[in-house]
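Inspection log for the structure reproduced underneath, given as structure tokens.
Just so it is clear, A, B, C and D label the chains in written order, and each chain counts residues from 1 on its own.
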Amino acid sequence: MSGALREPWRSLRRQREAAAFGTWIFLGGEAMLFAGLILAFAVMRALHPAGFILAGRETEVALGTANTAILLTSSLTMAVAAEAARAELRRATLWGMGLTLALGAAFLAVKGFEWSSDLEKHLFPGDGFALAEPSAQIFFALYWIMTSLHAMHMLGGMTVVAWLGWQAWRRARPLRSPAFEAAALYWHLVDIVWIVLYPLLYLGGRAP
Amino acid sequence: MNHITPAIPAPDAIPHEEPSYLTAERGIGSWLLTTDHKRIALLYMAALTAFFFIGGAGAVAIRLELFTPKADVLTADGYNRMFTLHGTVMIWFFLVPSIPTTLGNFLIPLMVGARDLAFPRLNLLSWYLFIFAGAVLIYALVAGGVDTGWTFYTPFSTTFSNGYVLLAGLAIILAGFSSIATGVNFLATIHLLRAPGMGWFRLPLFAWAIYGTSLVMVLATPVLTAVLLLVIAERGFGLPVFDPSRGGDPLLFQHLFWFYSHPAVYIMILPSFGVISEIVTCFSRRNVFGYDFMVYAILWIAIAGFLVWGHHMFVSGQSIYASLAFSFLSFVIAVPSAIKVFNWTFTLYRGQITFEAPMLYAVGFIGLFTIGGLTGLFLASIPIDVHVSDTYYVVGHFHFIMVGGAVSAFYGGLSFWWPKITGRKYPMTWARFAAILMFFGFGFTFFPMFIMGYLGMPRRYQVYPEEFQVWHVMSSAGAVLLAGAYLLPMGYLAWSVFWGEKAEDDPWNATGLEWSTSSPPPRDNFRTPPEVDEGPYFYHPEGEGPGHDHGDPHRDQVRTP
Amino acid sequence: MRRGIGEEVPRTLPAILRHVLPVWLALLVLLGASLALAYAPLHGLNGAVSLGIAAVKAILVAVFFMNLRRPDPLLRLAGAASLIWMSFLFALTFADLTARAPQTQPQAGQGRDSEPPMRQPF
Amino acid sequence: MIRFWPATASDVAAQVDQLTGVLLAICGAILLLVGCLLLGFSIRYRRGSSAKRGALPEIVSREVEVGWTAATLFLALFLFAWATGMELRANPPQPDAIEVHVLARQWMWKTRHANGAQEIDALHVPRGEQVRLLMTSQDVIHSFFVPAFRAKQDVLPGRLTELRFTATETGTYNLFCAEYCGTLHARMGGTVTVMEPEDFARWLAVQPRGDDLAREGAALFVSLGCAGCHGDRRGGSATVRAPKLEGVYNSPVPLQDGRVVTADEAYLRDSILQPRRDVVAGFPNVMPSFAGLVHEEEMQRLLAYLRSLKDAP
């Protein structure tokens, strides 16, 4: 398996299209996964507007905003890496992927701070929950589920990026391999998911 | 898998041919690490057989218990665990993967003229995921027991159930990943690996059916993952979303669950539509009647199948207006199924029909599926559904579709493509007998359920009023026949692998790319990459020219002078 | 041959950056806008505004970073499919939710009965 | 004796059976058609028969296909319209319906008549009068199912569901729980007894009657401290200004945010459990939540009391 071309393909162009298409379908599925959770959020928001507004004020908006900026920037570096890989610009690819990994790690670090601050403020549903309104617990249930599922996706994405970056570094994988673009697509989807979660979890209930 | 290889004649018996996929490589490693779609299909077949036996054991326990109105064999919890085992294993580990992962895996690349699926290693990965998920589920069912039923309704599953619900949920999520990977693979293959000249309307209907199935798999399964994650979060981590005591909504669970689980019915039945189309056209020597309508019907079902889930919720407390919308859409989806039944029937018209075992399965399928489909009309009507929902009527209905339908088609497809898969022929008399036995055994087992369901026998009841006993006895007796009909083919098919007569490349004189290569096919499927310049079906009765109703595949019923 | 995923890609780093940097800047500006508008008194429209901005950001990422601007109908189809199916999910679930009889809506805060459930009714 | 058809003991049951009968006839006809075609073609066009083959005749073509697609669609729409019409007309709510509260729990049914008479795993109703069941569950989802009435409704925790029926035949009928609810789901059943109205009245009169619901509710109203603020103006020592509750049931209530809602069961229940959500216009937002303090049975008593409060003249 020396070149980028793999069985059962006969042309790299076709293979690249299949990698992109396959990834897109898979991302369609991923989008449905988060759509299910967001539906749960929307339904509960509609049933308990007061509790959700109350609870929405408790999330760490500064950290959430910072994380959004970090993730948007990581999408930039990942896009550069994917384009550079296709153009076979080795240094730019490696830099792009390295920066993406660093930004991803920064995102998770900020997320970790945020979670521990939430725990200190007793924002984990259950006995001793900080807010009296019962439905506020539902908001935070969804907050924990969505952010941790998203973080798991980040970890998955970082694993893939690290693996591909390592292979590119070792020259074990030709830069023309469609895998770089597929990984970038996945990374961008994880970014898009966060873009949607951000207003739901951090911006609700801020207005006077 | 070494036991298969001795049965294959030594390659030097046919010196001009390269070895088949079965003999191309040897050793257990060559099977467990294979990326050959044909070998992976056989791996799936082995796994599915095991799961079929496990799920079947659950059915045996249930039918045994229901022989009398009292609790004689199982404890109350034991019974609940048995029907949960039967449901979860049969749905997620047999019916959903059955035809796509075995026949689909084996045939799709052959039918579109490709060397393999688009992502061969993903294909193998999805098998391992499936096996691992199955192991986790079996562990959960055996070690702790799960008593939620396959529907995992909240708040029972999140708060009240005693059992390994978390593990079972995890297993089903993993099986879902496997299902999604399989779907992605088929979609990419059918889109991008068709042989030169293989236009969309030259695809065999089986490929179309798998295409529709894959679409549903990829778009529906993630929602099941989401809802099971919510159940796991609530049960395992105390994160309430459905808990009524904190304002949660159990109906939200049902919406999300049925958004997957109703389309899942189409995951189970669409592939069998494809199988039946292939069989009926071959054995009646007549092109499929209304090919393009068949295609549109598949797509119609694949898309509209997502819009009817609320008919599972007519008595749940769902809004009556939503129920009306769902009832309407449910009636509408009856239409494409009716198109298919009529088209199969009219494919027979003016044919030259022979009744080999696959055809007997297919004819039986049409009959049973018609009953299953028509009984669905009762369930789409709200007033009747209110009466029969959660009764044996529903149990009868979905068994007609999924067992009378999907499982019959699975056995039919297996007997149709068996010579291609193994290169061996099986004893036809036995096979015909098994097909007929299956039809009658099935009828005896499941038809009484409609009657007792309408009489009011609720499902998931271990003990029941005596007035229902006569129907349960009938059903249990039929189940004995049915079990025989399921075991018989396993016997003679296994026999054929060792002692069966060697099959020709095209034993049924069928058309379609898969029959143009050798039986069993070589590792790379085709010795020369195929090119296609006509539709998939080219059948005609003996003594008639091939052109009489053949032509432009868009208009395969062209009137010729 | 249909133009698949284009081979007409930028070949140099500056060319690539010229493509992506403006998008990134736009994304950051939108992020700032959505944060600021969340605190503005918009009379209950805050949610709609911030979700609208999120949609614009998502579209920017999909079109420019995920290469939907390339003329590949297949990818656009795949991208559109999940949106259509999401609309099925949302539309029909809300059809139920918004039309339920008021008493069948869940009511928050009702404690579970303090008595333990009766285990042996017979 | 083997039964083929369930007892028909409510007005809806007769209609449902009619619909079932017609659907059976239609489906039987379709099945017969498909069966005859399958069998007929299989015999006539078996290999070796001398039947005419050759090209399909003109008539069997796309037009036929379009024809049966359209026919199936119209049939489906007709059935939909009929079934839906029946559903919408069935059991319109009647003001003088007999109201019975149903509480489901693992694994028993508790029913409670308006006068306080309680039954377990049983329900007595008069023939010919509409019965309105207000149901809730204490734990998981159950489903109240009386096959002879063709009536079924899930019973959910945390909310009320409603089931209306009018029995037409006296007798004793099975009551089942139809939604799987755990270990003894199969034993969660009982009987529904339909009596002549005068027998029912006699039966009801001799039931050991606890206090009736409303009277118990009144006691709760005092013991929970509600009366402290909402108590009557005549002897109350109300220091806090709270809305008066006489005649509030089913009357329009203006809220602080300008909306006007009807004070139905749902609103009243909400106001007890989540008083800060919809505050009545002109009153301070001071009422504490009774969530966790009032359990489901007590809630039913309180609501019965509130319903019984007529507007003082």
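Please note the rule applied: contacts are C-beta pairs under 8 Å (C-beta built on N, C-alpha and C of every residue); 3 or more make two chains touch, one makes a residue touch a chain.
It should be emphasised that the depicted structure is a prediction, and the values quoted were computed from it without experimental measurement.
Between the chain pairs C-D and A-B, more C-beta pairs are in contact across A-B. Geometrically, the chain at the heart of the complex, using CA-atom means, is B. With each centre defined as the average position of its C-alpha atoms, the distance from chain A to chain B rounds to 35 Å.
Rounded to whole angstrom, the centroid-to-centroid distance between chain A and chain D, based on C-alpha atoms, equals 45 Å.
Averaging Cα coordinates per chain places chain A and chain C 13 Å apart.
Multi-chain contact residues of chain B, defined as those touching 2 or more other chains: 191, 219, 223, 244-252, 255, 259, 317, 320.
With touch defined as above, residues shared between interfaces to two or more other chains in chain D number as follows: 106, 139, 156-159, 161, 184, 187, 274, 289, 291. Those residues of chain A in touch with two or more other chains are numbered 14, 17, 21, 25, 28-29, 31-32, 35-36, 39, 43, 47-48, 51, 133-135. Residues 4-5, 7, 9-13, 16-17, 19-21, 23-24, 27-28, 31, 34-35, 38-42, 46-47, 50-51, 53-54, 57-58, 61-62, 64-67, 72, 74-75, 78-79, 81-83, 85-86, 89-90, 93-94, 97-98, 105-106, 108-109 of chain C are the ones touching chain A in the complex.
On chain B, the positions that touch chain A within their shared complex are 35, 109, 114-120, 180, 183-185, 187-188, 191-193, 218-223, 225-227, 229-230, 233-234, 237-241, 245-249, 252, 255-256, 259. By the touch criterion stated above, chain A contacts chain D in their complex at residues 50, 132-134.
Every residue of chain A that touches chain B in the complex is listed here, in rising order: 7-8, 14, 17-18, 21-22, 25-26, 28-37, 39-40, 43-44, 47-48, 51, 125-126, 134-135, 137-138, 140-142, 144-145, 149. Residues 105-108, 120-121, 138-139, 156-162, 184, 187-188, 264-267, 269-270, 273-274, 289, 291-297, 299 of chain D are the ones touching chain C in the complex.
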